[in-house]
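These notes open a run of structures that come right after.
Paired with subunit B in one complex and with subunit C in the other, subunit A is shared by the two complexes that follow.
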Partner chain A sequence: MPIKIKGVTHIYKKGTPFEKKALEDIFLNIENGEILGIMGKSGSGKSTFLQLLNGLLRPCRGKIIVDDYDITMIPADEIAAVRREVGLVFQFPEEQIFETDVYKEIAFGPKNLGIDEKKTFERVKTAMKLTGLEYVKFKDRRPNELSGGEKRRVGIADILALNPRYLLLDEPFAALDYEGRRKIYQSIKELNQTRGTTTIIVSHNLEYLVPVCNRLLILADGRVKLDIKIDEIALYIKEIKNLGVSPPLHHEVLYYLKEKGFNINVKVRTREEAAREIAKYLGTLKDEVKSG
Partner chain B sequence: MVKNIGLGQYIPGNSILHRLDPRSKVIGTVILVVGTFTSAYPVETGIFLGTVLILGALSQVGIRYYFDSLKPLLYLILITAFFQVLLAEEELGQRFDAALNLGLRLFIIIFSMQVLMGTTSPLSLTSGMEKMLSPLKRIKFPVHELIMIMTISLRFIPLYIEDWERIKKAQMSRGINFEEKSIIKRLKNYISVLIPLLRISFQRAVDLATAMESRCYQGEGERSHLNVLKFTPYDFMYIGIIGGVWLITIWL
Partner chain C sequence: MIEFVNVHYYYKENSSLILNNISFTINKGEFIGIVGRNGSGKSTLARMFNGILIPSKGKVLVDGLDTRKAEDLIKIRRKVGLLLPNPDNQIVSSVVEEDVAFGLENLGIKPEEIRLQVDEALKLVEMEEFKKHPPYLLSGGQKQRVALAGILALKPDYLVLDEPTSMIEPEGRKLITGLLKQINSELGVALIWITHDLEEIIEADRILVVANGKVKEYKKPKELLGKADIWKEAGIEPLAITQFMQNLKQYGIDFKPEEFTVQEMVDFLCRLK
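For the complex of A and B:
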């Protein structure tokens, strides 16, 4: 069942001199199985949005409907159930690690829910597999011996072990190298394909979202300013730039080629696809020259 | 975010007390504290009470501030007074009197500290302390280092509060319930916040040390200051008035 957001407004420290509007009048439907990327400058309300979806924050106004339940109406002592369904991976999840080895760390969540030893074991194993952490190799390692990327993946596995139906990731790629990002892309894609997990990823770098998302949302000043499919980026370069976001280079190249009058297909996602389109176009050009 | 105003938090402002030199405020507070302890009950203590209340009004940080930050200390005062009533070896009437005496003194002392902390930024407070303690440098006492440690720890408190809130939220989204009914379970759950917090603070300490060293920071040696502290006539007046109050109570 999809997530429906109806007219959500959130104001921090309402009624004090420090009052700050984070989100204003958000209307949004998130379909099942979607991988949604949310972009925006710092302070645009991205993180607030995620915390609203998993019940850590409550909106000042509006409804958030997850699986047909309005989670804004759920009492505080039952909200934990929502957090299991809607798993939120915080920025720098490696900071929250506190157990002495990787297995115990990932097992903490399920155990805390009262799941028995055997099922916990299964869950930890799957979570580790999904995040590309080899079970035998990593289960007994101490978290502080791991590399930054590996720690990050343990942090994500912590949440995956709860078997959430929706996964929210806040800046999962921050301070990771290409290899680290690639591993996380793989996890997200696999999770999406095998379990159909709806995923929402927040990032301030559009380039990081392009390889994995299929829908893009740009927030600015607490409002949704742009809501497009990911392969439509090249069509909206101007709008994206006006919002203070720098678009991926390959989309920009395609946009300018198109603008110069080249008859090129700009509906692409990755750099490789863009290169192929350009090559294809150059090929047709060659043929024209030959036949002409 | 932590809701109420923290104990001893600085409230920016531009009152007479805000503009005073931190050194004179520290000296004034010390006189008030010593004077209150040595004063005779009730007249002299009453004079000190009046003095701190006037100072509180002059500080212009609002009654709310004093009320909010005194609230947790009210328990301390009440408990102390309670034991005074319960355990002292005098007659009941006298015991109540003694309890009130003690409670009042505690209140005055805490209140005068509040005036100091509310009107003096941590930075100027520590630099004032450094100036005041500088004679100790002659006997090789590491004044500057000590003050640096104080400044850093004061600076880091808000960061830890932020970390605490953030990690707590992260653990909540892992299904940890901090509203657990059983206290033991709740405390156990807080371990999941404390351990990461400890690790982060160690990391931060190491990072800060590296950053300071890479900028060639050295504690010893003459360091100059951007804002040089200077006594004004107001400062002498302030110390004079408070010192005068003290002398009057001694004379009484």
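For the complex of A and C:
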């Protein structure tokens, strides 16, 4: 069942000097199995959007329908059920980590769901593997004595251990090294393929989203300003730049080549695909590759 | 000049060494990038520049002042500004402008002077409209900007930045990197910039690579660019342009190993048409 967002507006601190309309009149459907990337400037409403989707915030107006339930109408004491289906990894891991060792921290969620010790153990191990945390090395460590990237991984593992059907990640790649980023890409894809986990990723860097997402939203001033498939980026370079977002380099190159008269397919996602299209056009592809 | 002299560090007695005999120097006005994998010791190193952490063995000297000496520490903290990775650990006041003023007040500067410097710093990071805001109502990237303004206002000689733009979008990032580089070149403030993103420090004078508790390399970016194994060890993704050139090469389009901008690459490909 997809997520349907119908006319959602969120205003913080209404009627105070700090009143802020963070989101305005959002209409959006998110299909099952989608991996959606969200970008936008500081303060454009990205974190607000994620928090609305898992019931942490309630919108001032509009409906958010998850699995046919309007979660804006669910009573406060039942919202926990939404949160385990829609898992949210916070922008700052410190906001969500509070246990005294890494094992307890990641086990907290599953235990809370009433899952027995043995299965909890399995979940913790799997979640640590998915985030590239060596079990023996990290299980007894104090979370507040970890490095930034290690904490980030624990924050992600926390939520993965809940086996959520919807995974919301707020800047998951900030603080991660390249290896860590690739590990998370791989895990998102794996969960998406094996369990159909629908994933929404907020990042400030579009290059980080391209390897894993199939759809891109750009928010500005609380509104959706662009909603395209990832392989359409090269068709929207101007619009993307106008929204203050740097497009991926290979998409920008394709866009300029097309402008300079290359009759070339620019609907690609990865760098490799872009290189292949350029080579095809310039005739440098070997014959056997070309026919494929 | 900042000197790390045979610095060793462990967090607890008998636990393993995080930093194992590190020595290097940074000159006034230099722009130094620091890279290394998660857990390699960068933030540990960062906290030694202004004496938040003291070496377990060895010493750190800032313009000759020793971080181990209590009487030197106050002077050192005036010279060295440290921006922490999580702004929540940096922001102490309940109103944005008070937070930016906090460090200045501690230095005993006159109130009217403080007001000017606070306004200037907030303007630099484009946060002046949030002057009267409580910081906890700000978004992640907005907090990161406020924390930076607080350090900039102090006008330190050395600025240690631990992943300063990890949550700031490209345009804001350009603004802030531009700003920092300007401070570096015009005011001669040294930048010590920790990051996982090579783009941010490609214009650095030197890049220090930390791996396994040691300084693996300390060279000009140019001297390191072609060395794939170094970047791998540093947990750094090669530049997008480097990767794209490799992809093109795979498909038979050969580049001389030159430096390219997007436009130059486009022009080059057009000539092949």
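Just so we're on the same page, the second predicted complex is superposed on the first by the 252 of 292 C-alpha atoms of A that agree within 3 Å, B and C clash if a C-alpha of one lies under 4 Å from a C-alpha of the other, contacts with A are read in each partner's own complex, and residues count from 1 in each chain.
As a working rule, a contact is a pair of C-beta atoms (placed from the backbone, for glycine too) under 8 Å apart; a residue touches a chain by one contact, two chains touch by 3 or more.
Please read these numbers as outputs of a predicted model, since none were measured by experiment.
Novice: Overlay done on subunit A, so just call it for subunit B and subunit C: clash or fit.
Specialist: Aligned through their shared chain, the two binders clash on subunit A.
Novice: Per the contact definition in the header, classify A:Leu160: touching subunit B only (first), subunit C only (second), both, or neither.
Specialist: neither
Novice: Please indicate which partner A:Phe98 is in contact with in the superposed arrangement: first for subunit B, second for subunit C, both, or neither.
Specialist: First partner only.
Novice: For A:Arg181 in the superposed arrangement: first (subunit B), second (subunit C), both or neither?
Specialist: second
Novice: Looking at subunit A, does subunit B or subunit C touch a larger number of its residues?
Specialist: Here the partner covering more residues of subunit A is C.
Novice: Give one of first, second, both or neither to describe whether A:Phe108 is in contact with subunit B, with subunit C, with both, or with none.
Specialist: Only subunit B; A:Phe108 stays clear of subunit C.
Novice: Tell me which partner A:Leu169 touches in the superposition: subunit B (first), subunit C (second), both or neither.
Specialist: neither
Novice: Quick one: is A:Lys13 in contact with subunit B, with subunit C, with both, or with neither? Answer first, second, both or neither.
Specialist: Both partners, subunit B and subunit C.
Novice: Can you tell which stretch of subunit C bumps into subunit B once we superpose, 7-15, 79-87 or 259-267?
Specialist: 79-87
Novice: Do any residues of subunit A touch both subunit B and subunit C, and if so, which are they?
Specialist: 13
Novice: Going by the contact rule set out above, which residues of subunit C touch subunit A in the complex?
Specialist: Going through subunit C, the ones touching subunit A are 11, 36-39, 43, 85-86, 88-89, 132-134, 137-142, 144-145, 162-163, 166-173, 196-197, 235-237, 240-241, 243-244, 247-248, 250-253, 262-263, 265-266, 269-270, 272-273.
Novice: Quick check on the complex: what are the subunit A residues that touch subunit B?
Specialist: Residues of subunit A touching subunit B: 13, 51, 54, 56, 76-77, 80, 83-84, 87-90, 93, 95-98, 108-109, 112-113, 144, 158-159, 162.
Novice: If we count contacts the way the header does, which residues on subunit B are in touch with subunit A in the complex?
Specialist: Contacts found on subunit B: 1, 166-167, 169-177, 179, 191-192, 195-196, 199-200.
Novice: Which residues of subunit A touch subunit C in the complex?
Specialist: 12-13, 17-18, 20, 39-43, 46-47, 91-92, 94, 145-150, 153, 170-171, 174-181, 204-207, 244-246, 248-250, 252-253, 256-257, 260-262, 271-272, 274-276, 278-279, 282, 284-286, 289
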